[in-house]
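Next up, some structures in structure tokens.
Each of the next two complexes has chain A plus one other chain: chain B in the first, chain C in the second.
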Partner chain A sequence: MKVNVLFFARSREIAGVSETVLELKAGATSQDLLESLLREYPLLKEITGSCVLALNQEYLAQDEAKALRDGDEVAVIPPISGG
Partner chain B sequence: MASGAKQTLVEVVQEPLKLERYVDFVQDDGAGAIATFSGVTRDNFDGKRVVRLDYEAYAPMAEKKMLELCQAAHERWALKAAAIAHRVGEVCIGEASVVIAVSSAHRREALEACAWAIDELKATVPIWKKEVYEGGKVWKENADARQAMLAASQK
Partner chain C sequence: MLSEVVRLRAEIERYSRQIVLPAFGVEAQAKLCGAAVLVVGAGGLGSPAALYLAAAGVGRLGIVDCDAVERSNLHRQVIHSEAAVGGHKALSAAAACRAVNSSIQVEAHCCRLAPGNALELVRGYDAVVDASDNAFTRYLLSDACAVARRPLMSGAALGTDGHLTVYCLGDDGPCHRCLFPEAPRPEACGRCSDAGVLGPVPGIIGTLQAMEAVKVVTGVGRPLSRRLLMLDALQGRMHTVKLRAKMVGCVACSAAATITSASLASYDYAAFTGAQPNDAAPPQLHLLRDAERLSPAALRERLEDGEEAVVVDVRPRNQFDIAHIPGSLSCPYDVGRPDQRGNDSQRVVALLRENGIGCAMDMVGGLQAWAALADPSFPAY
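The block that comes next holds the complex of A and B.
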């Protein structure tokens, strides 16, 4: 299945792109996606401790392994600083 | 721009924010109070001279979270209307990056909801600012950002 991944702020600068598409095995979870992201963009390791993922515009808890589906949108969310 | 069934307006925009647009939106003949908040770029931070702030948003999710925030405010206080707008891109000194307007029959509700809304926005809405100062740039982090805890607390 294909999952769209979006990067913002520092994660976007480190990844060097604002979005990408990851090909994952059926049944993959948000944790599998994170592992696959870190293989593709190893430099992201330096910030993953402070980032969370959002799945289809809802935050996931830090260690949450949520089942993904084809066409899902996952965003890498560094510490926010709006306002 | 997104509006809910309750009188609510939320938007993430590129262009300069005009307070009147949001005051007009929350204007209601039954409202005796309109409270507003404008968050404005300040020219210094920790002794550094700030030139501007560069804002970036996960716009669709930011609008969704701002809408949820307005709906929660409507549930918590007897409000006539609420509007929240956040700007993205370069925001120069003295310009507003965020504007909130809330109306209610009496002042207390509007004032409390307005103060609560900016705190919630800073803690939960996926928007980032990079501080551009003389001699460097840095991504800021809100001290009260709690997006990590948010998902866990909803379980």
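The block that comes next holds the complex of A and C.
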């Protein structure tokens, strides 16, 4: 199945793109997606501890293994602190 | 009695466009005129936030900032004029607010928000606007609002991105720590001075913060609690993401909180965030031995003596285009954050030396030092 990943702020700089499509095996969870993201973009490790993830515009707890479906959209949202 | 009638008449005239609004009306305007709001930071976010709150008629407006106005602030910090450069931001902002609306009380706090004064400052107001520019202050202010039970309109802007949410509202509204229990690493936090910021971006977010503050203190509308609005100004898009409720066991806002009115003042925010309460540069690296570095004056001398040397500029291309040492080569080293203080060049020299180029040298202090010590005509940016 395909999951669309949106990158914001620092994660977009690290990934070098504002969105990407990840191919995951059927039955994959949000944990599998995180692992796959870190394989693809190892530097994301810098921010995974301190960012919000959202699945289809809803908060996704990082310690939760939520089942994903084809066409889901996951957003990686690091904090920004400028002003 | 007559003076009271005159005052009321003037107020009705001033706020008439808000009062005639069915969704707002006399009642909400009266609440707004009776409310006190604290704006922390008189920069890119605080400029429009404070001006709109003053204009809309917040009864008492506090503005906290310890910095001075700099010329490089003016493109986005629209509350300050050229004449204010060098003066206190809090005073300049307060004067601008008074000029817009002399009927409200404006209080300038020319101090840094610190663990020792945060609770007292926050408790003096009904609602708080986080218009700060660093992680230290953001965690401190959120904690103070969680402890003092004050709603916090949190905004942030960097580059062409903006964030907006309302923290610590009602019984289930999360605080900053519920969402970001782990502080971002200092090197992951971009600063406007390095990463840049497009002027209208903080303007948009700061204006929305004023809107949220008006909604929260008047009870009108649906505040952006448990929702995060993200602005992508380049694409012209706004996303809203639903957020979690309070985190069970949150150290700041849950029943089991360990950050309390007694302990907040002694909490070590510098240790927790790895940063200081300002958007100053991360400390300079010392990766190289003295013999592997030379001062800007020494480099200048050697270039003037006609020594054959290649000067490699590792900053991003757009910064090279702003200004560079004549004859230097642009070879951007784009891992991590751009840096004009000579940290990236040390990394590059270390790499070159590891790879057998033993004559590679680093210029101490980067181009900021070059501008200060070797070439006064080099533009500071």
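The working rule: the second predicted complex is superposed on the first by the 79 of 83 C-alpha atoms of A that agree within 3 Å, B and C clash if a C-alpha of one lies under 4 Å from a C-alpha of the other, contacts with A are read in each partner's own complex, and residues count from 1 in each chain.
Assume a residue touches a chain if its C-beta (ideal position, glycine included) is under 8 Å from a C-beta of that chain, and two chains touch if they have at least 3 such contacts.
As the structure is a prediction and not an experimental result, all values here were calculated from the model.
When both complexes are overlaid on chain A, chain B and chain C end up clashing with each other. Contact with neither chain B nor chain C is seen for A:A65 once the two complexes are overlaid on the shared chain. Once chain A of one complex is fitted onto chain A of the other, the partner contacts of A:Q57 extend to both chain B and chain C. Applying the stated contact rule after C-alpha superposition, one finds that A:I77 touches each of chain B and chain C.
Of the two partner chains placed by the overlay, chain B and chain C both lie in contact with A:R10. In the superposed model, A:G49 makes contact with chain C only, not with chain B.
In the superposition on chain A, the residues of chain A touched by chain B in one structure and by chain C in the other are 6, 8-10, 50, 52, 54, 57-59, 61, 75, 77-83. Of all residues in chain A, those touching chain C in their complex are 6, 8-10, 18, 46-47, 49-52, 54, 57-59, 61, 75, 77-83.
By the touch criterion stated above, chain A contacts chain B in their complex at residues 6, 8-10, 12, 50, 52, 54, 57-62, 64, 75, 77-83. Taken together, the chain C residues at the contact with chain A in this complex read 41, 43-46, 131-135, 138, 155-159, 161-163, 179-180, 182-185, 187-192, 195, 197, 202, 228, 230, 232, 235, 239-244, 279.
Those residues of chain B that touch chain A in the shared complex are 39, 55-58, 60-62, 64, 86, 97-98, 118, 121-130, 139-142, 145, 147-148, 150-152, 155.
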